[in-house]
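In the two complexes that follow, chain A is the common piece, with chain B as its partner first and chain C second.
Right, the complex of A and B next:
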């Protein structure tokens, strides 16, 4: 499947971009320098309004998280330090309280501040998981696709095994064994999450191995290493980028689920642990712990998903309009 | 090398008889060349030198694909010689083994294909028995290939200049700046206008003809002795086809490289080649100087091929179609491979596979009907 996607991609892309060039006349008009496929993609992305809105939201989230992390505006403090108003009585301040827009939790910690600190956790986990996933997926996918044969069989078998085991169970056992920490959690996400990207990479390498430009490079004397690093990897890169963004969504959701079954870091402000706490509070009418993280997570994940999809369309326009472009 | 020359074409398996110059063997010397009308070539010192030894000598090459359905004998005993500065047109229908021959010589036959026997001598070395690393070092430098699809033979993420420079990077000691300069020069030499600008263009910004020129510039970057051009004009506009063929010829005159023009376009061969080798079902069925073969084809297959092309200016005549299709190369019929489609086939044709027989004047043919009289 992935192979077919890539193929469509290549054809469609060239004709799509060819059309663009002829209109713009980048080369014909003479002086002005043409655009690289990457810059063309970025231009497509910039013209995608929903992508830009999503990007703005994500940027705002990241900026907020970074600012909050420095301790500015007392956000960090409010998220961790007990509020003197509720210290002795374990009093929950309701949503809308002055100074605590989203109220406080049972420990008197500001829910808004904790939700903001939750962004940090989400970003950190997602980023770390992506960072660990990419090398595993690239290596295994590339080896399987490029060398084929027994190596391919072995990797394909491994992928089937990992997919066959419910990911969340694997993650839970891994965390139980290795111990609870963000690094462990990210590692667990990577161990279970590499299969999707590895499949795509494998497909792309299979395709590249048969492609004319690789054969052409070979006919000019290029060896395997040069072909892989110079020609194939750059052509696989967009899969990595898109996967990285979309994996974020999965990781953040998994974190919530893990917290729900008790696998969370006590004391850390994570959306998962807050929603988990809300579980016992909602029945008594205290829903501040639910609304804060849910709102943040909802907006963040939606922005990530929209951006990821747009990014894929922009980097690989052939996928989106394969049919129209073909003619 | 000199002593080798005559025995070089000695028969091994299906190939010629002794003393038989291969299709492209530069027959004796300059006068003969000059007498040949197409295409005009300088008959000076270079031509005289070229008569010395073939630059590429392929002998009894067999390349088979080992598939689940059986062994597909895509190339089954092909031999030819390519003289310095000469062009050999390798023609035939789709699936007759033309491209496989080219890839096999370069050691780039994709699995499950494998060269099972034969030699391809370039300089003094047999390309087919060389360690992969040595062969990789020769590819691009001594022998290069021009690919069929200019649309897909270029890496979409590298500029034209970078791709040409890459070849220089692998085979020369030039530094980055010199390579970039040389790439621009090469683009200019293949007739790309505004080469400095085009060197910075990505493949998607170039037209088909322009890309094909880039592909050619890549192949020519290191002045190879032999270039295998696999259908270099098939994907192009007719007006561009002639330009590309002229370009290859011009380069050839400048550098003295030998060219194997793999194509099913008989007109292209007529325009650009000195010798023609007609392939059918994995074997050569007829070889010889282009003009002679076109004027008096000896093999029924060659006749049919030539008869299937309309001639401009000639009164409408019935075009010949060749019934049937190339036989399954995994299950070849006994006897002549063309017998089932041949209008002249006799029972004798199906009995024994004919040899490639020398007809004199540099021509060889694999057909008992064409050679029978001579043999008797």
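Right, the complex of A and C next:
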């Protein structure tokens, strides 16, 4: 949570003196010597308490979503099936009703169950958008940075164009033209969201091209493909991971806006459509559709943000020696 | 300087062309034009004959290349004709809707940055202790909550029940402040978290530099060191961050404009997309693009003015 990076960078300087003065320091260093940078990162992450709490929350959300999707405990049913036990005038059950902790909506559907099913939508959208973004960004960024020249000009031009078009126009138009589906939505988010990552990747490749380790690999006879995949790509890995998490949060939040302008899927349990439905319900004192999804989304995205922060700190190769001080 | 400016202006042309291309692809090749024809006609009027008639009227039966050049021509000359849904001149609509957007975005953005800077300074001073942690948690919470939910709650409790603000509406002139107060408040609540986190990092980083330690060691009061050294040097990344946000202000307020019925450019764009109002869409996109490019150029000029190390060329 603490803006990490900087503090640790600063304390990193003093950790050397600490290691020298403390007796235990030497032994510890020895144990770490054989570890790959990635394992060291994971160790740093595992020692970060807020990251572990966030990871536990995220895992719990994902597990709940997966279990609910199998139809266990009747969650899927309660989220979609009309509740025949309630009379027409009593479909809305307030928060705290027995058997419906978060109440029911205008169709007698359980809000808790729908909020849980909403996790599935969020996960699907977020992951799909991420999975579509990463290859686009990596390919274009790498090609532009590595080969330069005309290709670089073309990609740079494309990036400026995509940024200069209001993203929401592309997203809304694509959904309207191709049709409403979660896949279209994810694709639209990918089409508008790749530029940031591609820029970073391009920069990294541009730098790598001139670097000594690439020269060394080339001198040893490695071809372009081997250098790119084996040597350069692992160096942008942490950008990709962090970008994935950040984009996930952005996508889930954008879905609410799309629901607000009427472009989400009707009838599906999404947090956006629930909050949007609450818009007209709160005036008659019905808060269930607001409370449920807001609670779920707030906790989930908070955990994601915290985890993303810690992940960035842990994966940053410049902070390798800072861990002792932090824990 | 002039040379640079001229080159930048020339270099915006391919971008504008690209935007026209994207726009054109989305609406004419992916099937948008058929949808467009379908949607501008009332259900009873959707016979093959009338659709053909309209296709001809809008020039959608011409060769694709001609249509594309036509779109580019519209964008370059700012001549977009009349809106499909209101029959008003598009240029008139743009001129009418932009001030409302500016009235919403500019004060809100200024307040957001000022509050964020104050909070970030508090965090930097109390690093690791409870005020810092509290602000950190609240920032993440603000970033994670759906804006729509906050808007609903704000309108319900602050406007309706407490009666502090009008629920929604709009007037021209200074009377609009009444209607803008709640949107401003919500804007700041939602966006301040991102800024605080960034500003805090910038300040803390600067605070840890050797020269600050040296200044403190020779007996400079912490407050003075903060103001004279840390804040000034941290301003470089902070200013960069602020300036980068500006081009996005126009669309950042779309939800607020729509929810509180503020007649702004974001609202105009959303309405145009939802009602397939092609001329208005073209116009808003062109306006947005030019605004964006213009501000990018301005940013570069500003850098050169602020940071003597930056040279344009």
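In this section, the second predicted complex is superposed on the first by the 281 of 327 C-alpha atoms of A that agree within 3 Å, B and C clash if a C-alpha of one lies under 4 Å from a C-alpha of the other, contacts with A are read in each partner's own complex, and residues count from 1 in each chain.
Definition applied: a residue touches a chain if its C-beta (ideal position, glycine included) is under 8 Å from a C-beta of that chain, and two chains touch if they have at least 3 such contacts.
All figures in this text were calculated on a predicted structure; none of them were measured in a lab.
By the touch criterion stated above, A:172 is placed in contact with chain C alone, chain B being left untouched. Of the two partner chains, chain B is the only one touched by A:235; chain C is not.
In the superposed model, A:36 makes contact with chain B only, not with chain C. Looking at the shared chain after the overlay, A:225 reaches neither chain B nor chain C. By the touch criterion defined above, A:150 reaches neither chain B nor chain C. Of the two partner chains placed by the overlay, only chain B lies in contact with A:217; chain C stays clear of it.
Within the superposed three-chain model, A:257 lies in touch with chain C and out of touch with chain B [touch as defined at top]. Touching more residues of chain A than its counterpart among chain B and chain C is C. Residues 10 of chain A lie at the contact with chain B in one complex and at the contact with chain C in the other.
Residue ranges of chain C in contact with chain A, taken from their complex: 14-15, 18-19, 21-23, 26-27, 30-32, 35, 127-128, 132-133, 136-137, 140-141, 143-149, 152-153, 156, 160, 197, 200-201, 204-205, 208, 250-251, 254-255, 258-259, 269-270, 273-274, 281, 284-285, 288-289, 292-293. Residue ranges on chain B touching chain A, taken from their complex, read 106, 108, 110, 133, 136-141, 144-145, 147-149, 151-159, 166-167, 170-171, 194, 197-198, 200-206, 215, 218-219, 221. Across the interface of their complex, chain B is touched by residues 10, 13-14, 17-18, 21, 26-27, 30, 33-38, 210-213, 215-223, 226, 230-231, 234-235 of chain A. Listed in rising order, the residues of chain A touching chain C in the complex are 1-3, 5-7, 9-10, 157-158, 160-170, 172-174, 176-178, 249, 253, 256-257, 259-262, 271-272, 275-276, 278-279, 282-283, 290, 293-294, 297-302, 304-306.
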